[in-house]
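Same chain, two partners: chain A is paired with chain B first, then with chain C.
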Partner chain A sequence: MVWLSSRWKIAIMAAPALIVFTALIVYPVIYSAGYSLTDFAGFGDPAFVGLKNYIDLGNDPFFWSSLRNTIIILVVSLVILVPGSFGLALLLRRRFPGGGALRALVFAPVIIAPILVGLIWVFILDPKIGLLDRLFGALGLPQPEWIGGNVLTPYSVALVFVWGSVGFAMTIFYAGLQQLPTDILEASSLDGASGWKQLLYITVPLMKESFAIATVLLITNVFKIFELVFVLTNGGPVHRSETLVSYMYFITFNNQQYGSGMALAVIITVLGAVVSLGYLLLLRGRKSA
Partner chain B sequence: MSAPTSPLGRRSRRRTGGIVAAIAAYLITFLILLPILWIVLLSFQSSEKILSNPLDLGSLSLLNYVHTVTSLPLAQMYGNTILLAVVSVTIGTAISFMVSFALTRMIFRRRRVQSGLRFYILAGLAVPVYILLFPVYRLDLALGVFGSYAALIIPYVGVSIPFNTLLLTGFLRDLPTEIEEAAIIDGAGLTRLIWSVVLPVMRPVIATVLIFNVVYVFNEFPFASILINNPDMTTVSLAVSQFQGQYSVDYGGMMAAATLVLLPQLVIYAIFQKQVIAGMTMGAVKG
Partner chain C sequence: MHSTHHLRRLTAAVAVVAAVALSIAGCSTASSGGATKISLSMQNPNVKTADPATWAIVHAFEKKNPNITVTVTGQPVAQHLQNLSVAAQSHTLPDIFWIYKATAEQMNKSGYLMDLAPMLKDLGLTDKISSSTLDNFSTGKVTYGVPYQGLLTGIWYNEKILSDNGLTVPKTFDEFLHVAVTLHAKGITTLSDGANQSSFSVWSFLVDLDRYGWESKYQAILAGKASYDNPDFIRFYDSIAKLREAGAFPSNVTTQTYQQAVNEFTSGKAAMLDAGIWASSAIQDSTVAPDAGFWAGPTFSDGVGKQDIVMNVASAPFAVSADVKKDSAKSAAVKKFIAFYYSDAAQQLLVDNGQPPVTNYTPKLDATKQSVLKGALEASTAPGLTSPQTQPDLVVSTAVASAMYDSIYGVIEGQLTSKQAVDLVQKAIDAGK
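Here is the complex of A and B:
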């Protein structure tokens, strides 16, 4: 290998990706962080205003409501998704006719473009034309405003996110279940461990890593939810259903308050980085274990 | 300790348990597919029927599709998206492979530089695309590419590098070097080594990388919504985002258009199902 590792050969191999990565990922992050300290509005020279944009965001009720919505979506979808997709993986692990096809079908929503997922769910959740309120009406139940009202939208976004992610999480759990040492499971069932006991005391602890990976990936994906809100409510009414990302998009590209938009983008990035760091630490723990 | 059961009793209990589980699995899968089936059903109904009685199977017709095929520039949407996907994924995979090869196989004078550079690129995994939208828009303007396909290709290539590098360096690290060393002793140069020794064994991981990136470009919306200002350059995702405005209360037409975008995706998924699932989850499982 030494023969082939002259300086210019290494440079030719490594430079293109390093240059593109630096110009399109690293430089923009620095650029955004810089602009978050200015009052830039698209014209003229940006004036340095220090932390004013961050302080203004702290006083902006819509920032707090979009943070609250993001947290609601996060909690609701994790509470449903983690046990739900684990249970589904347990079901689909059993051998029965068509099991493989079901696994593929459950994964299908994962590959659908988020923007199309949103549109599909308009026709389920919309108070006028949606399937859900029609069903509720036929059953004589109240017909709440799933989207567009003041209360339920973040919960509905969580539901749609669950729909789009359940196949992904299930596949992670399924892969984990395939790697379980079968001898431990057999030994425990010979010892008379009943199904539930085995699940609770042996399978779940052995799957700790899959639970951690699925949870962290779902958290980072929740922080990226944008298209769903964009299509379902466009953040309305009056920003009540906005998430952090959709509100950032609005401030930046609709209001053209680039300074405060970038301040919010920096906040989102820091939140995401904290989670990703947790993920990396977790992987390191796994490798040394 | 549970009460001892006879082997026969245990077996029949297990069998009924298995049947219950199978029924539950089919039911849940049906519920998950229901939204898709619903929009496909609506795509065959007139808008009046969608509002009054969408389940009336007697009134299904292809009329929505006739209108949609003429009103929606399907060929153009797909053409644009495929062009963006082919160019950006080819460049992104090629340069990611090159840097991954350099970072795992070539010998740096300073080892620290090598592992440092890998960490530098992998740190990009923590950057959400949303912080890049505005700077990339300004960068495109400054480079004079705003309004061309390059405006989107450049960020798509950039965004793909960290994940590609994660998968490719991970694969190369686990790959034994003996065959490569033998090829070098036999006098292979760098180009021949890569083309005829390294790349052939990397086929599975490269397929994974390609699929992951193609799915990303097909589904990408935030960049497209900001960097495309010419209707002739509309991508599939961008076109879908305009359906609500375009079709307004023509719900049947909107559903036909949605189905025409959805079905090709599902068909391609059905064909490459195993590889797609591997591609989308590999990064998660491999770490």
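Here is the complex of A and C:
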């Protein structure tokens, strides 16, 4: 213990991880940021173009629609996922017959590859062959374009994302609930606190860390959504359902505009970091207040 | 006993080291000793099933040249291009690879490609492959590519669906529109298309773009002396909008893939399919084969220039890595492969696998087993029909080509007006300057 407490020894111990992190994360990010200032098209020498790629993105309506879609997915996911998965964790914490199986069922979508999740939902949401539209048709209800139109698609992607992520978020909350000190809850019961009041004034405040972890992970996951869009609509019609990452993929690899693609990658990284850090700072501010 | 045991272990260790050393040596110089290895990288993940013609040619070549092994790999287009970009920078390009013409031009400019002109002359292939095709893959005196396969595109139709509904194969756009209105009223898809994962599947509309004067305009447009936003192209997009309004396309055209569009046609649920000659095998194997025919596309009364055209050009080329020249055995093997690829035997293999020949070879066709392909080849060589030099998307950058696909599907899906469609493409052209 004494040996480890010396600062330079701690630095030596942390060095391998830092080197790997720098080589695999920091360096590629800086490298990409450098390429975002060039006109690199995959072959030949890149020429420095300054902020042109960023300005072009600012004038690109598809960039703005992909940002709008990402924000829609983020808001819908957070509004439904965080309270929904917390509620599920509360329900599944209780002991009842089949509880374990139910927990496994809720978690099941997490272990399915996102590309398969997309494929499953194509057969549910497709405007012609989809289960939902057939059901609506059979019931004589209007058959909206769940995917493929330019109105509902981001909401549909958000709901599919929620379906695929609810088990993951629920597990974080479930683990948090297991760590709650039972003596406080028992004491509050003796003081006559109702279940609702216990939840509001004891459970939720004590679960702040779990809320923070779940929310930040969900935010970063939303900023990484690609496969769902790729399979459900491939960004169509005419890029109206792109998310930031799927549009970055299109620019970089379909159009071979590596410079522009890297500019978008930098924007995604900054946005993801700002939103996550902003949320954490907000939480810290509340905590200290 | 103990020393014997040690000796055995030592001998085994030496043998393992020797084997590893030999295998490393074998890998590092593909041409040393025994067989020469050459690599062929393609634009689809499963060459054996998705591109049986190339697969058959490679196997026939290996059979004929047992001392040469061709390693075939493939990825989806975007990944393929990405891999080539990485490989070019590390000088590990495959020996032969499929590539877009615009990208090949870029690579050639950067010195990554081998000039094939001397090889083609040496092999006498300049007499077998049309000069317009080779010119299309040349810059000055340098030929950076050779034709991979023919690109014969248009519209496949199901004559039975048409006749059952009192219709005949249309010739003009107005007749085509009438077909769409009639079939839509009966709940039948007229023209099957699919934009999901296949935004490039707008082949018949690229021919229509030529019917509105693309070929006479594009050089000026790309040079900035004319605009893609012109009245002729606006009318071209208006014609697509008219088809959409007539209900010509599947209701799930956005979420449907190209393969699903093919299935819609081959299962008899669509009267027509927007595709090319490569679909002939799938159609031949389906129940609609006896009723299937090939149509070059409609003529437009308000079109520009010649209307009796069929898109029968070379597709994106094969290119050869410049590094091949550094290895004489490999260079000789690549030369042999190219000689074989354009031989009559290989061209017949192309035809046997549903592709038209890319040389002046006259193929042998089985009228029964290859009725669909035969019909298409005959339709494409009908008297009076001529072909543009190349398909519009093959002479522009990938970004502009993507914008062209988006603009066409944008109008098909009702997302873009004709004006917005031309603006989208013009913007992409301007961005590339």
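Everything below uses one rule, namely that the second predicted complex is superposed on the first by the 244 of 289 C-alpha atoms of A that agree within 3 Å, B and C clash if a C-alpha of one lies under 4 Å from a C-alpha of the other, contacts with A are read in each partner's own complex, and residues count from 1 in each chain.
Everything that follows uses one rule, which is that a contact is a pair of C-beta atoms (placed from the backbone, for glycine too) under 8 Å apart; a residue touches a chain by one contact, two chains touch by 3 or more.
Please read all numbers here as calculations on a predicted model, not as lab measurements.
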Which of chain B and chain C A:G236 touches, first, second, both or neither: second
Chain B versus chain C as contact partner of A:N254, first or second or both or neither: second
First (chain B), second (chain C), both or neither touched by A:Y54: neither
Touched partner set for A:Y155, first chain B, second chain C, both or neither: neither
Contacts of A:I111 with chain B and chain C, given as first, second, both or neither: first
Partner chain(s) touched by A:F136 [first = chain B, second = chain C, both, neither]: neither
Comparing the two partners chain B and chain C, which touches a greater set of residues in chain A: B
Contacts of A:V122 with chain B and chain C, given as first, second, both or neither: both
Common interface residues of chain A - those touching chain B in one complex and chain C in the other: 122, 128-129, 230, 249, 253, 258
Complex contacts: residues of chain A adjacent to chain C: 41-45, 56, 122, 126-129, 147-150, 230, 232-234, 236-240, 249-250, 253-258
Chain A to chain B touching residues, read off their complex: 1-5, 7, 9-10, 12-14, 16-18, 20-21, 23-29, 31-32, 35, 88, 91-92, 94-99, 102, 104-116, 119-124, 128-129, 131, 134, 163, 166-168, 171-172, 175, 192, 194-195, 213-214, 217, 223-224, 226-227, 230-231, 245, 248-249, 252-253, 258, 261-262, 265-266, 268-269, 272-273, 276-277, 283, 286
Chain B residues within the chain A interface of the complex: 1-2, 17-19, 21-22, 24-26, 28-29, 32-33, 35-36, 38-39, 42, 50-51, 54, 95-96, 98-99, 101-103, 105-109, 117, 120-121, 124-136, 138-139, 154-155, 157-159, 161-162, 165, 177, 180-181, 184, 189-190, 193, 215, 218-219, 221-222, 226, 236-237, 240-241, 243-244, 251, 254-255, 258, 261-262, 265-266, 269-270, 273, 276-277, 280-281, 284-285, 287
Residues of chain C defined as touching chain A within the complex: 77-79, 81-82, 84-85, 88, 103, 106-107, 109-110, 112, 195-197, 199, 250-252, 254-256, 397-399, 402, 406, 409-410, 413, 415-416, 431
